[in-house]
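In what follows, structures are represented as structure tokens.
One chain, chain A, appears in both complexes that follow, with chain B as partner in the first and chain C in the second.
Our next item is the complex of A and B:
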């Protein structure tokens, strides 16, 4: 069950990564840093909320809002930096997101300090239930449900709404979409912000269960990277299934043979890249 | 002619530096020389062949750990043996890894190399009985030219024999690389970078050449990695972490990948800039991130690109 909780968080970050890659063809290394940023903002939001007499039972609301608000940094990044390199080689785009990784990590240190931060004892605020013979915190179930709801919502948005159709058109053929009158500037800005928000929300939601550290971002990005490679770059369904594979395999490996934990994941990544570079569930586009 | 004068001046300055400058700066030159070797090899792949590895730290790690294992576990202290052993270890690892990676280009090549780098990192971290886990291993002081230099304390050893030994390795590596990029082999690599289809139809075996470039760059990285360890006396898994690979790409870009000496300039600028910034504020990543963003957006030719009087257009052949 711990694996599924982890998968739910991973899905959010990976979905943001996929959305941005699918439309803008940029592999955003900074999505892990956004995840860390979301975690810290979430902690601050909860601390502010409870400090002003908010009921601890409602802590999820400021947590999620804090996470989403942190996602607005995506808009700043896209307008302020990324838009200058869209016509460059992808190496430069990748390096620009690496520059963001460096900057965000220190910005977090500068703002919140280097000591690990937590939300305090709120993790078990909703109690536990017994499920399949194990005690599972209710909070985990809430996050899993929220992640599922977001997955369904994303699916609905991509397939049924006008904006979703524009996103898919832009992912398939940018020039054609532009020729048909789509304002790519605004699509790119919105897509990147949305992608960042998914990452920051993931960071905020994970935080009651663990502690925030400034390195958490660069560690998570390699897992999210594994998810999108296994699932297939740019595919939303791939992000969902890839997250399940990585989350569950990791928690199984930890209980069976801990040395293998991440090694196993990377070996799968390499195998997938070699035999099916499109990913196990790779559809060509979002 | 101008190049010869500049080279001569730089060479004389580097030779005399330990005699005139405080030891602090001479010791700071050691990582520069080690990274210089790494980056020369890296740029054969990046600048000349057009492949960006995001897992090059793997081979730095291989080289550094080879040195640590040889000195602490096997009692081999001769640097003259450690460097070839590091090169050999890197070649053994790079042969299969390279054969798999060069089947892809662009982002897939980058991702595959990143994944291999992380496999090695996880191996170093988790199999602590072999590798010391996250604490890493000690790297004992290697002997140079058959002598232990026992009468030298650590600083005197580093700014004296070790400094000139590293310098000799860097000069040798530079000369060899200069010959490589000027050879028909080097020209073939550039053809592959600029137009792989054309190269293929001219009878150049593209995967084979890419693989060879990968092997050479891996060997360079391992030799540089082995040089990196003795000054700190310690090796740990972060040497193989993906952010370290990112820093390698950063250094090359900082100096300028389109120029032969760009990587060396980049390594020098990176090391001394990092030292300067860190002595003022602890947040060097913030400043370096901003510098990197600036280079990517405004000066993709790096420092050498700023100096060069727009000879070859930098963008030519990228992509």
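Our next item is the complex of A and C:
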């Protein structure tokens, strides 16, 4: 069950990564830092809310709003930086997002300091239930449900709405979409912001269960890579399945043979790369 | 390339912060004593500023800056104002380069700092080669539990890494009766492994039939321990020993509370006092054994110096200080006292070798009380551990009763082998 909670968070970050890569062909290394930024913003939003007499039982609302608001940094990054490098070599784009990793980490340290930050004991505000013989915090179930809802919502948006069709068209063939009158500037800005928001929301939602540290993004990005490789670059279904595989297997490994924890994930990554290099749901090569 | 840019940035920021906090314009120019130059005495500082240990590095730097402010207000060392030159501690290779830069370019009289043993293990031999005293805050020159530099001339090291595991091992049977099975969790690097190995050795001396049923070593930086906690629940030990010292201590405490782990299990947190004010009452139970390393901020028997420091630290940073402040304060204060001691005989500013001689065996008042340098250049001090309680005016746990254990009994003597020494105890 712990593994599923972890997978739910991992899915949000990986989905953001996939969305941006699918449409803009940019591998956003900074998605881990956005995750950390969302965590800190969520903590500040909750502190503000409870500090102004908000009921602790409603803390998830400011938490989620804080996380989503932090996602607006995506708009600033896309309009202010990324749009200048779309025509450059991919190396430039990678370097730029890596620079963002360093900048966001320092920004977090300047704003919130270096000491770990938490939302105190709010994690326990909803109590716990017994599931399959183990005590599970209710908050974990809320996050898992929210993540599932977002997965379904994303699926619906991509397949059933006009914006989703435009996104898929743009992902498929940018020139053709542009020729048909799609304003790619606006699509890129919206997609990147949405992708960032998924990451910052993930960071905000995880934080009651843990503590925010400025380098928490680095830890997560490694796992997000594994998810993306297993699931297939650019695929939403891949992000979902990949997150589940990584989250649950890691958890099982710790119970059975702790030394295998991370090794197992990499073994699966290697296996996928050998037998299905494009990942489980990766698009076939053109 | 990106790393260089950031380093430059931090260097500038660090220099700016130093000048801002303790720059000379603000210093009351003391009258230099006869035979003492009137220019400022430069002290090099190595502080971790990024990553997991950043809060620890920050605490050390804050303790140092507080000291500089006080000493400069009082006229400096022998009338010479003190100027800090702050550099970043990062990887061993880069830190060694910055260490050389402090000596060759900035021409500092002494270098203070160093937390990660990975780094300080590399700094030790360089200090010997450069012939400038180096006083480590928290880093040793140990490889595992073995000392690599038994008789250094210029390097002064922190207490041995495993002292808090020894103290916790000694206190475990005193506070928790009938312990038969024990699980351990620590970070997957030398500190985590050494603490666990040492704790087991000590506990076996007191409870010969104790069984160690599970050991977990998640890597440093992990923020999700729900699976580890599930594994601990399955193993059903009487007691869990944990040597986490950074934000991960807070996280495991919270995730343990979420499943009620400590309802039926005892807990020993050897080093979590490093993040003590994040251990909120809501998720940190009473009755755990908790270690604060060498300084306990709320010690009712604490000196007026400690009380003033805690008060001003809280006012300035809105936090309660942890032990690294004390290591840092002790180092720089011992340097001042050593210089003044040497001056008493030489009547001029002492050479670096004379300072080293004066440092050996010196005892000074630090924040936590009396601390000293052993003749083989290892810190001697007290360790504070105790049982967590909610009966206080804070929103986090404190300890009561407070156990104060000296390194005289909890650290291997100079030249001894750790496990042999533990196995030789008369109990």
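One rule holds for everything that comes next: the second predicted complex is superposed on the first by the 282 of 286 C-alpha atoms of A that agree within 3 Å, B and C clash if a C-alpha of one lies under 4 Å from a C-alpha of the other, contacts with A are read in each partner's own complex, and residues count from 1 in each chain.
What we mean here is this: contacts are C-beta pairs under 8 Å (C-beta built on N, C-alpha and C of every residue); 3 or more make two chains touch, one makes a residue touch a chain.
Keep in mind it's a predicted model, so treat the numbers as computed, not measured.
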{"item": "Combined model on chain A where chain B meets chain C, clash or fit", "value": "clash"}
{"item": "Which of chain B and chain C A:123 touches, first, second, both or neither", "value": "second"}
{"item": "Touched partner set for A:184, first chain B, second chain C, both or neither", "value": "neither"}
{"item": "First (chain B), second (chain C), both or neither touched by A:134", "value": "second"}
{"item": "Partner chain in contact with A:146 - chain B first, chain C second, else both or neither", "value": "neither"}
{"item": "First, second, both or neither for A:211, with chain B first and chain C second", "value": "second"}
{"item": "Which of chain B and chain C A:75 touches, first, second, both or neither", "value": "neither"}
{"item": "Which of chain B and chain C A:94 touches, first, second, both or neither", "value": "first"}
{"item": "Touched partner set for A:27, first chain B, second chain C, both or neither", "value": "first"}
{"item": "Which of chain B and chain C A:85 touches, first, second, both or neither", "value": "first"}
{"item": "When the two complexes are fitted on chain A, the stretch of chain C hitting chain B, from 96-104, 168-176, 276-284 or 348-356", "value": "96-104"}
{"item": "Interface residues of chain A shared between complexes with chain B and chain C", "value": "95, 98-99, 102, 105-106, 109, 218, 258, 261-262"}
{"item": "Complex contacts: residues of chain A adjacent to chain C", "value": "1-3, 5-6, 95, 98-99, 102, 105-106, 109, 113-116, 118, 120-121, 123-124, 128, 134-137, 139-140, 206, 209-216, 218-219, 250-252, 254-255, 258, 261-262"}
{"item": "Contact footprint of chain A on chain B as seen in their complex", "value": "52, 54, 100, 103-104, 106-108, 110-112, 114-116, 118-119, 122-123, 126-127, 242-243, 246, 249-250, 253, 283-286, 288-290, 292-293, 296-297, 300, 318-319"}
{"item": "Sites on chain C touched by chain A in the complex", "value": "2, 5-6, 9, 49-52, 54-55, 57-58, 215-219, 221-224, 226-231, 233-234, 246-247, 250-251, 254-255, 257-260, 275, 278, 280-283, 319, 395"}
{"item": "Interface residues, chain A side, partner chain B - complex", "value": "27, 29, 81, 84-85, 88-92, 94-96, 98-107, 109-110, 218, 222, 225-226, 229, 258-263, 266-267, 269-270, 273-274, 277"}
